[in-house]
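Heads up, the next two complexes both have chain A, just with different partners, chain B and then chain C.
Showing the complex of A and B:
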């Protein structure tokens, strides 16, 4: 009975969030449905990024490259070859994964600030390739006319489609983080040296994780094109790579749902603030400073330390076993 | 090479820039032995361990494990073939629980760390609990490892090394920071493992009672050179060994 209770406690937050996500579009105006859709897509992006940041302990500042590769894969396949959307999604994961495999191969040889700089440099590389390659990607014009199938054309319909895909993605990510592989990532984060001495090829695991993260970033990107009806090169830019960093830090990188919560805060604030001032970056900057100074573990870190509930945790605060 | 020799070094040397830390060390350890390397601080004991386990790159000479050359192999490869170590300063996963620490090492040994979809919680339960029991850590299984006492951290350090099911275990000052009772318990455990599963053990230590109480073979390092070797009794009589410990009774 107690075990059941714990299980319920552990999964209460995601369940509550899911139910809210199911009901909200039925009661709010269409503008906010778009905002919620954005929250979901960017939340998946941030959760994928957090595999590298919160779980493996390295800061990637170039995940937008894989998000962008996913977005462009779906965009190009739908516009140029008229592929159906549901086929484009897994294909985008594959192309983003291949991109992450090639670029990640070099990144995982480095740690700390050098890792961050190299991921960022490769991110910019992908950005400039897409930006310059007019004949294939449309260059700085981007790609237009990425229309979802008719039955997903309405805001609510596409929202529920995103909700389904993002939920599946999050569940898969959750399983990965709780698996022996996930714990190996935490081991690498906590003590890379010791992990080598228990017989684990750290570089190889970092690369595998880089690819997995890239694939899920690609999935998030793939959802973006048909949602926005277009893609543009700045989806790959380093500013866009900063968004999941902000979200993870705001929500709490040491909790599975932290990045998603961060996406709620960040995206909601963005939509709200830009409604009456163009100085959104000023506001987001101030919020960021407050978060870093006042709640270094992010929002979930604060709530958790007060013992209110037990969101899926990454390993800094312990449940009773 | 003789099958009985589990570890052999051949003219093993190490220099950091112009400082020669280890010079031409020819060392042999027989399978199933408990041996100790002793010497004053800075003699090169830890460096010797670091070279053998791949922690530092070797400057000269070779390392052989069970007859196979392993000079400058990657750390994880050396660990995988059955040569593991425990560190002098405990080197654990401070943010995982004691239980999760041990389970991580066991899952690595069982080659299950590439499993993506089974919750780790369900795996290797008995093995983990068993090893916690053996090393006397059962009472702390849900404690975050970072807040364990020094002595318990050292026990956990030992547990992490044992989880890899090694053939040869290198222990760098295994009882540093332990109470005399814990020291005794730990060394008894080492002796039991040696007896029961034939684990070969090489350790460094400052505690004279531990050295002479448990080692079957002693080697004395002084300024990076192996100056004396033999049974504890032989080394006790050795003039050069005595000179290294200038005035100290050994």
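Showing the complex of A and C:
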């Protein structure tokens, strides 16, 4: 009985969130449906990023590259070859995964600040290639007219489509993090040397994880194109790579749902603030400083430490900070 | 390609490289000593450029306006940097890497918007004093005479920093702090004070660079984003905390950029990132750095 109770407690937060996500679009105006859609897509992006950050303990400042590769794959396939959307999504995951495999091969040789800078340098490399390759990517004009199929044209329809894809993605990510593979990542995060000593090929695990993260970033990016009806090179810029970092830190990087919660706060704030001022960077910067100074461990970290409930714990070592 | 053309291209690459050096040397110094990667460094550089413009416009009528404005801008920017250090950076010395990065990233966002609020979105242009309006002829090649000034300032700062680190007591403390902060602290030297002044010195150089930049071309919003990324490339190529490395890295980036843009304009930036990535893969600590702490 107690075990069952625990199970319920453990899955309460995601279930409640899912039910809210199902009902809300029916009762709010269309503008907010778009905002919710953005929350879902960016939340998946942040959760995929967190595989490297919260679970593996390395800071990637270039995940927008794989998000952008996914977005451009879907955009190009739909605009130039008229592929159906449901085929574009898995294909975008593959291209983003290949990108992550090639660039990640070099990144996982480094740690700490050097890892962060190399991921950022590669992110900028992808950005400039997309930015300059006019004939293929449209350069700084981006790609327009990425229209979803007719039955997904309405805001609500595309929202439920996103919800389905993001939910599947999040469930897959959850199973990955709860698998022996996920636990190995946490071991690498908490003590890389000791993990190496028990015979685990740390670099290979990090590379596999980098590729998985890149694939899900690509999936999130692939959802973005048809949602926004266009893609632009800004999707790959280093400023865009900063968003998942901020979301994960705000929500709590050491909880599975932390990045998604961070996306809820960040995207809502964005929609709200840009409604009456153009100084969104200023506001987001101030919020970022307050979050880092006042709530280390993120929102879920604070709730957890007060002992209200257990929101899908990632690992215990870092929580004790 | 004739010689004069290549020579003038070389000179503009040298100018650009030394401008990058002025930005990157402070960035490298701050990282080497404090282990903090300052994303806001180029935004402070841009603030220096705007402050210089403001001082200049107050004294517009006089020929010496620019020459007075540049040091004033450097001092004003340094004062602002000092405030940032005392109010904000001091609180994150002991924090984790991602928290420090997010704080300086947030500073870059905030300062970028502050510039927009204070100076508005229009481009600002300084009218040069007559002495540097005409190009200079070197080996038959027309060279912007202000470039000579920029190059001189760049090398002067390089020599000044080298002298400071090599021959002064405080320079020795800074160099020791790059090597081992714990030991320096154990010797009874107040580390937080050293940090504050190193940060202020770094921002002073950035402000000086901004002031110098303001007369090269018009000062525009968003100039800082490209510079910060290239300054990162410079310190990665040269090695964090190494003055010589930063100088060599800046010259490499400046010249590669200047010549690549002739033959393959679209690929100039891509080439710089390829070089940076290659250095990171082969020698993560850079050409002149030493592999100390990760």
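Just so it is clear, the second predicted complex is superposed on the first by the 316 of 321 C-alpha atoms of A that agree within 3 Å, B and C clash if a C-alpha of one lies under 4 Å from a C-alpha of the other, contacts with A are read in each partner's own complex, and residues count from 1 in each chain.
Basically, a residue touches a chain if its C-beta (ideal position, glycine included) is under 8 Å from a C-beta of that chain, and two chains touch if they have at least 3 such contacts.
Since the model is a prediction, treat every value here as computed from it, not as a measurement.
Of the two partner chains placed by the overlay, neither chain B nor chain C lies in contact with A:17. By the touch criterion defined above, A:202 reaches chain B but does not reach chain C. Once the two complexes are overlaid on the shared chain, A:35 sits clear of chain B and of chain C alike.
Contacts of A:273 after superposition on the shared chain: neither chain B nor chain C is touched. Once the two complexes are laid over each other on the shared chain, residue contacts for A:110 go to chain C alone; chain B is not touched. In the superposed model, A:101 lies in contact with neither chain B nor chain C. Legend: residue contacts after superposition of the two complexes on their common chain; A:181 is shown touching chain B, with no touch to chain C. Counting the residues of chain A touched by each of chain B and chain C gives the higher count for C.
Under the contact criterion defined above, no residue of chain A touches both chain B in one complex and chain C in the other.
Listed in rising order, the residues of chain A touching chain B in the complex are 175-176, 178-184, 186-187, 190-191, 193-202, 205, 208, 315-316, 318, 320-321. Chain B meets chain A in the complex at residues 53, 74-76, 79-80, 84-85, 87, 91-97, 99-100, 103-105, 107-109, 112-121, 123, 141-142, 144, 160-161, 163-164.
Chain A makes touch with chain C in their complex at residues 53, 59, 61, 106, 109-114, 116-118, 120-122, 124-125, 128-129, 132-133, 238-239, 242, 245-246, 249, 279, 281-282, 284-286, 288-289, 292-293, 296. Only residues 37, 88, 91-92, 95, 97-99, 101-103, 105-110, 112-114, 116-117, 225, 229, 232-233, 236, 266-267, 269-270, 273-274, 276-277, 280-281, 284, 294 of chain C touch chain A when the two sit together in their complex.
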